[in-house]
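Some structures are shown below for you to check.
Look at the two complexes coming up: chain A is in both, with chain B in one and chain C in the other.
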Partner chain A sequence: MSDTLRQVGIDIQESEENRGLVAAIRADNPELTVRHLPGLVKIQAAGQIVINRESVERELGREWETGEFQLAIVSFAGNLSEWDDDRIIVKWEH
Partner chain B sequence: MQYELRYQVIEPKRQTYQNVIDRFGDQPASRYLEATLDVEPRENFHYRPTWDQHRELYDADYTVLKLKDPYSYTDPRQFYYTPYVTNRANLHDEFTKQMAYLEERELLAKLPAAWRTVLTTAILPLRHYESGAQMVSVGGARFAYGTSLEQCCTFAAFDRIGNAQMLSRVGIALGAGTGDLLQVAKREWLDSEHLQPLRRFTEEAMVTPDWAEGLVAVDLVDSLIYPVLYRELDEIALTSGAGAYSLFTQYLHTWFKDQRKWLDALIKAWAADGEHGVENREHLSRIVATWNPLAHEAATELARVVDHQLPDAGTVAALARTTAAAEQRWAQVTGGAA
Partner chain C sequence: MTQTAPRRKLPLKERYALLTRDLDWDPSYVTKEQLFPYTNYEGIKVHDWDGWEDPFRLTVDAYYKYQAEKDKRLYAVLDGFAQSQGHLGLADASYLNAIKLFIQGVTPLEYAAHRHFAYLGRYLEGPAPRFAALCQSVDELRHCQTQIHTISNYNKYYGGFHSWSKMHDRVWYLSVPKSLFDDAMTAGPFEFLISISFSFEYLLTNLLFVPFMSGASFNGDMPTMSFGFSAQSDESRHMTLGLEAIKFLLEQDEGNVPIIQDWIDKWFWRAYRMSALVAGMMDYMLPKPVMSWKEAFELYFEDQMLGGLFPDLEYYGIRPPRHVQDAIAEKDKLSHEVYKVLHNFSFAASFTTQAPNEQHMKWLAEQYPETFDQHYRPVWEKHHRIEAEGGRMFFQGLPQLCQVCQIPMVFTEKDDPAKTSFRSSEFRGEQFHTCSDGCQWIFEREPEKFVQAWLPVHQIYQGNCGGPSVPEVLEWYGIQEGDNGEYKGSPDHKSWIGWHNGDVEQGV
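What follows is the complex of A and B.
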């Protein structure tokens, strides 16, 4: 494929709780750039970003519902192409 | 004139403490890791303990179960002081509310006579069991090598005291605000035949020199007593007019689920360790083979007393089911070493 994948991104508020979330996203998405801004963690990847409930729970050491993602994010670039009890996928859809 | 407001990013010189940087590089880390990794001293001990010339003050050799790197194990709950205390304070607040409700409505006083007997002869004496289990956990807190293991044991020890307190409070409420029933329960613990196997088990676990063996031994009893008395019996309680029993046992059952989280992970870490895995599995099978029959005997005696009072409870049958499940779990952990 010649055309490059568009970047998708998620901005997550920086906090103790969200660090586990970022670590889980990092673990599940190998090609990720993470930038730390004051109070903010900017995550970018080409194509898509996947968030698995199980990985987040493992990082946080407690149960986590995908709905809690709402509390962590500041903004995102891309479409939420999948959002169910186990997984969230952010990517461009068109 | 005009001002332009811009923010400037000041890079911190370091993102976390050196103990974490040494392992994972300079990146933001969780409070749990910062408070846990490599915290226990490893070197430059001046003297060997006078009571044990062959081992250091902190030494991996206090148990036969070893990890190549103790910090390869981390508490899945990520408890360090603050989250632990907050979590347990909430639990006890809830329990206090529940007890206030029970006392206000005199629900414990209204328990059917057979249930009352079950409580005084089988459940309340278990606070002494909890107390013994606390000592075993304290042993782990002192002798485990590595903060990640040791702090789990410390928290477990405090949990045990909490459990004993819960049972004591139930006993006081049941005895109309007096300690009379607790004294009865203590006599039962010391003299009643049905409690002697458990008492003996607890005391032997307490004097086991290997802290991990004691911990696993107590866990063998836990995995029989907790599911049977605090869960299966709880369901019977709901259908036979002893709702009060159900209201307080749920906390103990919730605790047990929490205890399983770190202990199962630890046992798994022992069994799967890259360097010591094979020996660990052998030791674990030996420990289980030694202690399990005794644990089973202790739990059976208790179950018999319950069944004697409540013929429909089927506690002995529940125990058999629980035993089968527990044995399967162990067979999985130890693999072919058994």
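What follows is the complex of A and C.
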């Protein structure tokens, strides 16, 4: 087991809708590395990435269900350690 | 009229519990063993199926709602592309050779995955994994269908897209992906879960779908990018299934750990070897390359999987896959060695190939500073010289295939790019040849299984592939004149030039 914080990552499709999602993730996770590839945005962070429903709703200006994240995500690295109505957390477990 | 209060929406966790686990029941007129007869013989012990957690907490109503939305978005892109003659906006028609390989090699695997997950959806004993497997089965069928719909648009204008499912069963290079799935589908249910859900979906599909689909976008192929990302967003759920499967099985019983380690060792190497075809596609078949195989391997495999996931699995006593160092050692060579074979044998393939041009070689040299100029540029320059004199080199003769991965024996020793890697094992008094320590280890672990491999070269020699001559074999494969050979001067190349000059009428 490693003592250093390992990287977790989420790849998100590039789209109008998802720009709000990415902005919300940026706002709530200050230490992100964001890389643009054709068609997608690759987000990485040490330790964990949190997605808060309220932040996404604020960015999008409408109601957003955490389940809609399924329409945006292309891939991820880490455990989906929490997924409920209010937030999603990606981090390694051990 | 009576006023009713708006119905309270249940929280996600509660809805999931009610719609998944609470719909399960205990059998009363058959025993559990009769109902679930296949989950014992691999030696895996499960004590509590309710220990399975689905982080997505997916329920059937949410599943169909989101999948319908994904399909709506995808088909809007397909219509827009077809209506705007989008195929003329590709970077180059030669790009489509990668898509021909995709529909011949990958789409049938989606269908195979659909079949086996339907089986798991029936036979796994816990309601939560059974439902996750059912959703994955429907997903895989959706991927197969959306790929057929998307790619059929190109079939109106370009060669090589017909007969792909027949080719999958017959053509030499397609035995590489086919044999991998045949191996997985003839294993037990838990080995299948580790092979496909974990090793293939979680460890390696990122290499297949993410940078390659980004490459499709970069080369103007919006439909492929759309089905690719739409499929890969399901893959993120499938990866969760794979990760949950492995954690669940490791937590259930100490005795499961060595069995699973063996499967990780086998299936990492098996799936990695198959992805060698993707390495060739990424580095050589995209007119506008996006990310080299080496960079993708470092990013998605070394950083994310070895750096992130395997330290997590160490907690359960799992170590990184056996032979993983061999994969790392050949990241500078893999795509070049594989594409050379495709280039040499494309007279017998249902796609065309070409030597990389100067600009492409410059990119390859930048991506592979340690190996390209030293070992591979001279080969391509030789091909250019032969072509300048009016020739084109195709390898005449049949290659020896690896008994396990079925790729021609083209890989070199990890410390010597000039020496072919060649292993041999004896079983029941016969010699069997493999391409690497990884494939040899897999063969010797289950020789009874791998001696049965359907090797295309052996089948040709045995007279099972239409006849002894090349035209007879190509006819049996379903390959038509113009599907194969050199790209430059091919029917696709000529039509492409004609369409862009206005010499050739569209849509005929």
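Worth a mention:
To be clear about the criterion, the second predicted complex is superposed on the first by the 92 of 94 C-alpha atoms of A that agree within 3 Å, B and C clash if a C-alpha of one lies under 4 Å from a C-alpha of the other, contacts with A are read in each partner's own complex, and residues count from 1 in each chain.
Here, a contact is a pair of C-beta atoms (placed from the backbone, for glycine too) under 8 Å apart; a residue touches a chain by one contact, two chains touch by 3 or more.
Not measured: the values here are computed from a predicted model.
Using the contact criterion defined above for the overlaid structures, shared-chain residue A:Arg19 touches chain B, although it does not reach chain C. By the touch criterion defined above, A:Leu60 lies against chain B but remains apart from chain C after alignment on the C-alpha atoms of chain A. After superposition on the shared chain, chain A has more residues touched by C, the comparison being chain B against chain C. In the superposition on chain A, A:Ser75 makes contact with chain C only, not with chain B.
In the superposition on chain A, A:Leu5 makes contact with neither chain B nor chain C.
Of the two partner chains placed by superposition, chain B and chain C are both touched by A:Pro38.
Once both structures are placed on chain A, chain A residues 37-38 are touched by chain B and, in the other complex, by chain C. Residues of chain A touching chain B in their complex: 14, 16, 19-20, 36-38, 58, 60-62.
Contact residues on chain B toward chain A in their complex (touch as defined above): 7, 9, 28-32, 75-78. Against chain A, the residues of chain C that register as touching in their complex are 11-13, 55-57, 62, 66, 69-70, 73, 205-206, 209-211, 213-218, 225, 229, 232-233, 235-237, 239-240, 243, 247, 290-291, 300, 303-305, 307-309, 311-312, 314-315.
Considering their complex, residues 1-2, 6-9, 11, 13, 37-40, 66-68, 70-85, 92-94 of chain A touch chain C.
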